[in-house]
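Consider the two complexes below, in which chain A is the common component and chain B and chain C are the respective partners.
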Partner chain A sequence: MPIQRWLRGSAGRYAFPLMTVFMFYVLGDGMEVLEDNWLSATVLISSAGVLAIGPACAAAGAWEGARLARGGVGAGAEVRRPVAILGWSLLPVLGGAAVSLLAALVLGAFVMAGVPGFPDPLVLAAGMIVIVAWTLAGFSAGRFLHPVIGVPLLLVGTWLWLAYPVAIEPFWLRHLTGNNLGFCCETDSVFPGHALLAQAALAIALAVAAFLMWARGRTAWWAVVCVPVVAAGVAFPLVRDMGPEAQIPRTDGLVCAPWEGTEVCVWRERESRLADAARVAVPAARRLSAGAKVPMPGRVTEGPAGGGAWGFSAPPGADGGEIVFGLATNLLPAAPPACPGGWPGAGAYEPVSAWLALTAGAPRAVVSRRAGEENVRIAEAVLIRPPAGQVRWLRDNLAALSRCDVPWREVTSP
Partner chain B sequence: MPISLQGCGFGYRRDSIVFTDLDLSFPEGRTVLLGPNGAGKSTLLGLAASLFRPDRGRVSCQGLDPARRRDRARYRALVGWMPQCVRPLPGLTVREQVGYAGWLKGMSRRAAWRGSLAALETVELGSLADRSCARLSGGQLRRLGLAQTLVHDAAVILLDEPTAGLDPNQRHRFDEIVTRAGEDRHVIVSTHQIDNVTETYDSVVLLDEGRVAYAGPLAGFTAATGDRGPESVEDAYRRHVAQEV
Partner chain C sequence: MRLWLRAHRAARVSVVLVVTMALVVVVGDRTVPLPNLAGADPAGVPIALVLPLLAAAVLTHGVQAGLPDVEATAVRPAGAYLTGLVIATCAVSASAALGLTVAGVESHGFAAARNLAGFTGLALLGGAVWRHDAASVLPSAYLFAVALAGGDSWWAWPVDPSSAVSSLAAALTALAAGLATLPSPVRSRLSRR
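Then we have the complex of A and B:
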């Protein structure tokens, strides 16, 4: 039969416009706040696709499954293999899903114009696997459920599974549904590969169980139970200890260049800003090194700091003052200490930030906006003291920021 | 022989055995499968269509055994199957459904689409090719089912009670089509309608309680017994079933 005739009778014909409109609605505001990297755009598109297209495809699959069941197809006298029958039935539905995702990627390409890189194929592949799995689940359910029940059940049920775990605890649950990469990724972050693997494993198990259920009927009940249980056994340990967000610090993708004896590195997406960033960051590091009496770093980088490297950030739109402020405050401890019964050093954070930023050469207005005017005045009171006193004040308060037994001191005696 | 069953045993459950040791070779040409309700006619056709797999024994057609994976597709391509209830596929036209049936039987999409029109002409549904399947009457649906078995040029077609529920005119029309369809292929039809058996079929297989009560030419089925002349099909049916009971 000509393909256009097959398309005409398929549920995909009706599901396609609905899923596309809903996906662009879900994409909505997200496109306006994308980070300057393709990974964030890919994750946004994939997550919106999974959330909008997944339920629509599951419902369309339920309709197609019920259609074949009502027509007596799959009773057992066919020459075609079950996978061919299923594939031919779901081709219009999944084709529509792929076209919708492609349209979103085209929109993403316009929004990301000028940002180097490409959509992440792994994220897109995982999203498509989740969509295919739910389509198969709907198709399989359609064999046993009347469409009046099956279609709304799959539409709403799939949406609940994809949308709600993000709003509830435990956290690991949200990392299994295939939608939680939606929180990823700032330019200095990437998604953890094991989260993607867990989602894909569970989705593949769902697809396999659904296919067996459709192809072999109730005799495959063991597969419907065992395959997802085994997959959950594989996936759960991968996400058990994850927090609410699926992102980890990025470690590769830096572009580096020497600048006045110091190596300066930015993310490759910001390569065009390397010279401007270096022109600001290296002198600031030199001033900070002298003021705080710490060794000049060999490297100033947007990537992982430590070991002779200082961190900074030069996102699009950040001016020199912001870059300097970021460089200076990167010297603060990354995380507060876990203090039972309160943290006496908490008050040191903003004054020390202000002192570091002013010492590095950040404009007073920027420091005042970021750290607060009161803290700027404390920092200025420290800055008029002799250098040795300033260094002692800094070291005491850095100790207060990293320990539970050291209180912070506003101003120390010279 | 179109299809033969050797030593076949089959049951839907342990406590629902239909056949224990069935040996049967369907005669060539047009064969009518008769038997009381529950005799196993539909199950026998299901085994012949490879819908079911025998618990023991063997089903074969032209040396192909559907229980063997390597033979299954070729066997199914040889055998056309029309269930008791022909159901329309929502969203498809009459021709599309027949073309789809051909594709399911292993034809290419193009060949199935071409063959669908010829099959519909054979069952006198050519004029309704573009009508939605859902709008067909009961009699038209049966002819649609027959077209689905004809589209892939099966060597044997199995029809399970194709005229049940049809009015006499529709039944007569369907029998005429079956007669024509059986000119160049084997046709096995299970039915309770025995009023026109002599005009339509060459052979009879009579099942009773899972056993073959008679299998052979129609003439032998109705042949004279003792001092009585040839019987009607109905009398012969009663005699054979009564003997078995």
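Then we have the complex of A and C:
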């Protein structure tokens, strides 16, 4: 195989620099606002890769497919299997895509230096399957379309499919493309595996249909119709109920240690902060337990709370006051009630937050910044009351925050 | 003439032009998210400004079809026919788009017609300078480069609104440059004498 001639004749030679520049352009400032976990970096890289490399590979595939069609490769006596011909033709294009992704991962490794963990292999695999599928789709289209038409059609068509669903409803559509919005996930959440499965199913179906169409010509029209329809039937139920963002609460990956009789758990990426977080969170929980007259939790955790466990968060950069504020406000109801005729308890949210945080020992400046100065004054007015009155005020307002028929009580109430 | 129209895919060009105009009316004002350096318009690029790239590709393919060697020695003014095909297509789209924009049906209508002219010019230019079968690479690359770079200068004409006069001038200049690469209608007429 004359390697130089093989590479020189490939569209990958032109597509590679364009897709690489486009990908790093799409990555852009996203690298500077990553969460302290590898999943967020992997999703960003995969997303930028799919959005930038996918259309470029599809267009290059259309060029390669047309080149082989023009050369009459399919019409001659068969000495190589179709998959071998396809593979050698697309190898430079897909090789360029792999090098681009690898370069992005190397950049990601520099940005994520010090964060434990590795790139998420499933997210990367789904992204690569999507890129290969669109490359094959372009290659197949190239057999039937002149490159003057095929190249822009695949470039624009693939780009529209990958980028446009993000801007429209229904939301489930955006979770099928493989673009993945460029963002997921905070450290307390993970990418839903069923969405990756749906993307992979659709992409594999596209690849199979494209290959059959290229290898067998128009006689394989049934594949173009049936295979994607079946795949859509598999993929749709997997993403049907998803909202605008693709992230679900994380349940595993906690590192725990006992601290003064209470178990303290943080995400494994924050293991180095465990002792500092426990030193702040456990005394705060004890003060809050005493002030609010609620049992001391057996566990203070960044993971799922409830059932004797209180939630808190110790992200990088958060000081002790912010950790305490987060711990205290985790006692509030997670979601407001659905009140058809208005919610009379809405006003309790900030004053109760301030009271809980001050009771837990958060600095006044932090509470004022997070809850507002006016609400800090309300909380301080409650704090000078007898403990029983404070607890009654707290319980009444917690009821107001979780029900539609209970108005919130201001400090002036008895 | 009928054979010439058939050889240059005039029917396909007409159908694609009508479909493009219909799509511009239906979904033209929807925008596709795309990051850009200027950061001025996070909403992205209106679809109406992108769709003409495909119509321009089909028109360019139509222009390139046929038998150039035979047409070069033809008695009939084949060069004038080609120029006429491009100008007529752009003129029809401009008339319809101007109507859409003035009537308030689609504010990007005239910009779409402008882009059809500009993209066609770039494609003809790219085909003549580089290679015929890669003609549409130049307008495709230019569209994405400009969309990514952002800005509202004259060179960003593919993503400018309908009212930008300098963008219209830039697109028409691109069209004129592309038409200049076609066989000269004047030379064809002279060669018949």
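Assume the second predicted complex is superposed on the first by the 409 of 414 C-alpha atoms of A that agree within 3 Å, B and C clash if a C-alpha of one lies under 4 Å from a C-alpha of the other, contacts with A are read in each partner's own complex, and residues count from 1 in each chain.
Simple rule for what comes next: a contact is a pair of C-beta atoms (placed from the backbone, for glycine too) under 8 Å apart; a residue touches a chain by one contact, two chains touch by 3 or more.
As the structure is a prediction and not an experimental result, all values here were calculated from the model.
When both complexes are superposed on chain A, chain B and chain C fit side by side without a clash. Put simply, the three-chain overlay gives an angle of 50° at chain A, taking C-alpha centres for chain B and chain C and rounding to the nearest 10. With both structures placed on the common chain, the touch criterion links A:A318 to neither chain B nor chain C. Once chain A of one complex is fitted onto chain A of the other, the partner contacts of A:A141 are absent, as it touches neither chain B nor chain C. In the superposed pair of complexes, A:M19 makes contact with neither chain B nor chain C.
By the touch criterion stated above, A:A167 is placed in contact with chain C alone, chain B being left untouched. Of the two partner chains, chain C is the only one touched by A:G28; chain B is not.
In the superposed model, A:G72 makes contact with chain B only, not with chain C.
By the touch criterion defined above, A:G9 lies against chain B but remains apart from chain C after alignment on the C-alpha atoms of chain A. In the superposition on chain A, A:P152 makes contact with chain C only, while chain B stays out of contact range.
Superposition on the common chain places the nearest Cα atoms of chain B and chain C 10 Å from each other. On the side of chain A, the complex with chain C involves touching residues 14, 18, 22, 25-26, 28, 59, 63, 66, 146-149, 151-153, 155-156, 159-160, 163-164, 166-168. Taken in their complex, chain C has these residues touching chain A: 30-35, 43-44, 47, 50, 53-54, 57-58, 60-61, 64, 123, 127, 132-137, 139-141, 144, 148.
The touching residues of chain A, counted against chain B in their complex, run 1-3, 5-6, 8-10, 67-68, 70-73, 75-80, 85, 88.
Those residues of chain B that touch chain A in the shared complex are 49-52, 73, 76-77, 79, 81, 83, 85-93, 96-97, 99-100, 103-106, 109, 112-113, 116.
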